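Here chain A shows up in two complexes: once beside chain B, once beside chain C.
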Partner chain A sequence: MEDIINIARELIKRDDIEAIIGYEKGRAPFQTVPFFARTPEDCDKLIMNSLCVNNLVSYINQFSGKVAIFVKPCDAKALVGLLQEHQIEREKLHIIGINCQGALNPKKLRNAIKGRMVKDWSINGDKIKVYYESGEEEFNIKDFLLDKCPACDTRTPPIYDELLGDEIKTADLPELLARVKELEKLPAAEKQQYWNEHFERCLRCYACVKICPLCYCERCFVENASPQWIDKSNNLKSNKAFHLIRAYHLAGRCIDCGECDRACPMDIPLRELNLKMRKSVEEHFNYVPGKDIDVPPPLSTFKKEDPQDFIR
Partner chain B sequence: MELILKKEKLKEFLEQLSKNYEIIAPVKEGELINFKSVKDFTKVVMTYQKSIKSPKEFLFPQCEELYKYKFSGKDVEIKPAEVEKKPKAIVGIHPCDAVAIKILDKLFGWDYKDELYFERRNNTLLISITCNTPDWSCFCTSVEGTPYDADGTDIHFTDTGETYYIEGKSEKGKQILQDNNNLFTEAKKEDKDKVEKIKKEIMEQVPVKFDIKKVTENMDCIFDSKLWDRISVKCIHCGACAYLCPTCHCFDINDEGNYEEGKRIRCWDACMFGHFTKMAGGHNPREDEKTRYRQRIFHKFNYYIKNFDTISCVGCGRCIAECPAGMDLVKTLQLIEKGAEHE
Partner chain C sequence: MEEKSAKTDWEPRIVGFVCNWCTYAGADLAGTSRLKYPPNVRLIRLPCTGAIDPLFIVKAFQSGADAVLVSGCHPNDCHYTSGNYHARRKLTVFKDLLEFTGLDPKRFWMSWISASEGQKFASFMEEIVTETKKLGPLKGYNN
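So, the complex of A and B:
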């Protein structure tokens, strides 16, 4: 923790840096929230641990000047995507890379404490310690990882100006697409029913859209009134249209940060949908988004030798 | 009128009630608790920690038809929407959500009396339950509420462990209890004492977080404060807070149909959406997070008081617990309590 505070304090002294984008502790047990440090005193509030879940890159364009930003591999992957799509100026950024061994699901942890009032919590190695009004309890971090984490092959950010710690290599990961393959095997009618049950719950609050770092369209198709692409009513037909169009628009772009999944108050498993698109893009174009800034995204590039006529 | 219902008899009570009412009650959907129309009363979860959505949608649905229209030549035929006729009973509503309905009544009964809303409202029985599982985000006690005082409901339950302690509140509620008196036993002094003890215990779990008088007093001079720039940066302008909130009531009116026929509908809308105030010509008076977030707070803690003599927040904490960006209404109100000079 001292590391990041010292780095931040040095950076904020620089004339060219307007703010440092990181996290501070939230009021809830196991909550961290995005935080923007603008003074050396602010910097003391910065924290960094495996409960820092929000993807921070969406906030970069809130600032007109240069910012320094702490990025986990997920944030960095989104950054790669946004830089490739020319949504952020590289010169406006100072990127501090943070290695990640998996982030925790705060909701899962809150369920585990069964409503007991928490005074404080702390993370130590692979354990999280919870202090109640009376007594304390320890949990194993690995039991509370976010769904996206166990199979993640990126433990060091793919882009940074300075990195805290050394690069980490991964080995022996569970299969990322196991769940997608399982769903693919379902008969069409069951698949339909599975998704209908989920889409029916959708509130159309658009938390999934707004939290997504790659969903940056200035005017999302769902907001358009003329023409109105989908009904305003949250009926199954429109909800389905909304989610499918969104998934298509993220094909080859979604970097699997899982923020949509986390943000959804109605527990709709949006990651499963996006992973399916990831699988298709990987199969057809041998491309995984967010990995390498120098590999052009397949859906925004073309080759002269493309087998299809319309592109030539 | 205070009675005792054995827990195993709840199902029977709901069965009796379902003869005249459609039962709306909290049930488990995956990890979520949600109010649903139920037929299998064994599924009802009376003691629960905050439902994800408030039950306001049963009075004010997310989308509802106002009327159907049909063109024939130059004429247009209009068919007003009809509200379901079967009375509903919302069972297991927490006090905060019940108070929220009273807040909604004021708006829908204001200059224009909203017929659709009141047809449902007058046809809905409210059976509340003391909330004995408040969580970190709850702050009803800071906005003049309590976890046990469900003002304006018909019948009130308290979970005492093995039994429910039941109070008839309205005439209608008392009558229903009377009609089913074979299910209940008379409450004794011990029962009453037990309930008082429970009340005291829960109150301790929801400590007062700010002085609401001070907050509302300060609102008038805080409109131009720099505070709003600071606290709104995090907001991602989605509608999760407004759609989960039991008192938010803004809606948008649209047509869905083709050139021949269609329906006019109203759907929930949210002041945090960028397009909420977008005008036909493209101008948007609330273009950024700051003005939109400020609007949400002012509507609840200033304008609503001026119009209806009450704030429009019941401290349910949903907007705090579910905000994916970690916006915290309690923190905002604490800052306002301190006044603009501490920005």
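So, the complex of A and C:
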């Protein structure tokens, strides 16, 4: 924690840096919230731990000047996507890379404390300590990881100006696409039932759209009134259309930060749709998002020899 | 929907999104050559397959199409040089998504049919209608 505060204090003294984007402790238990430090005193509030889950790159364009930003590998992958699509200027960024061994799911933790009042919490190594009104309890971090984390192959950000700590290599990961492959094996009718049941529950609050670092259109197709693609009312027909097109718009772009999954109040498995798109793009066009700024996104380019087995 | 499928005289409704320069002309040739093909196909003419947003396809299914066809110029023949290549990429992944969410693969078709392939157009429509009749009315999109 000392390091990030020292780094931030040095950076904010520079004339060219308008703000530092990081995290501070939130008011709810196990909550951290995005924080913009503008003065050296602000910097003392900055924290960095495995409960810092929000993807911060969505906030960059709120600033006109240069900003410094703390990025986990997920945030950095989203940055790569935004830089590829020319949504952010590289010169206006100072990127401080943070290694990540997996982030915690605050929902899972809140379930584990069984409604008791939490006074405070702290993270030390691979343990999280929870202080109640009376007594305390310790949990193992690895039991509370977000679904995306165990299979993640990026522990060090793919892009940074300075990195805290040394690069981390990974090995022996569980398969990322295991769940997608499982779903693919279902007969068509069961797939339809599985998804329609999920789509039916959707409230269309658009939290998944708002939180997604790569959903940056100023006007979303769901807002369009002429033609109106999606009903204003909540029904399976429109929910399904929304989810299909949302997932399709992220094909070859979604970097699997899992923020949509985390933001969804109805626990709709949005990541499964996104991962299916990731698999499809990798199979057909041999492309994995969030790695290389200089390669154009797969759906904005083509090759003459692209596969076309299904075309007659 | 249940009622509809119980009717023996149910006829499938096919929506075809076709490009102005190749497949629409191909369909025209099928007509002027007096070739017979089933009247279940409703063609929607667009400037290019590259102009097809997957939203059109979802909308067609929602509005009662039992199968959707997208057809345009052969690779290298696009009037706008590369529209069909872009369409190919986009619809390859979108087809995967439709199948992943439970659409039968035989309800979404794509083809390259040129202005001189009236015969191919007629026989392809015949095939789509036959296959769709086997599958019955589409469920799960428009309720």
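List of remarks:
Just so we're on the same page, the second predicted complex is superposed on the first by the 301 of 312 C-alpha atoms of A that agree within 3 Å, B and C clash if a C-alpha of one lies under 4 Å from a C-alpha of the other, contacts with A are read in each partner's own complex, and residues count from 1 in each chain.
Convention: contacts are C-beta pairs under 8 Å (C-beta built on N, C-alpha and C of every residue); 3 or more make two chains touch, one makes a residue touch a chain.
Only a predicted model underlies this, so the values are computations on that prediction, with no experimental measurement involved.
Judged by the touch definition given at the top, the superposed model places A:29 against chain B, while chain C stays out of reach. Legend: residue contacts after superposition of the two complexes on their common chain; A:171 is shown touching neither chain B nor chain C. Of the two partner chains placed by the overlay, only chain B lies in contact with A:266; chain C stays clear of it. Contact with chain B, but none with chain C, is seen for A:205 once the two complexes are overlaid on the shared chain.
Look at A:62: by the touch rule set out above, it reaches chain B but stays clear of chain C. Once the two complexes are overlaid on the shared chain, A:183 sits against chain C while remaining clear of chain B. For chain A in complex with chain C, the touching residues are 180, 183-184, 188-196, 221, 229, 236-237, 240-241, 244-245, 247-248, 251-252, 273, 276-277, 280-281, 284-285, 298-299, 301-304, 306-308, 310-312. Chain contact summary for the complex, chain A toward chain B: residues 26-29, 31-34, 36, 54, 58-59, 62, 107, 110-111, 115, 117-118, 201, 203-207, 209-211, 223, 225, 228, 231-235, 259, 262-263, 265-267. Within the complex, the chain C residues that touch chain A are 54-55, 58-59, 62, 75-76, 82, 85-86, 88-90, 92-105, 109-112, 124, 139-143. Within the complex formed with chain A, the chain B residues making contact are 29-32, 49, 52-53, 62-63, 133, 135-137, 205, 233-234, 236-240, 242-244, 252, 254, 256, 265, 267, 270, 273-275, 320-322, 324-326, 328, 330-331.
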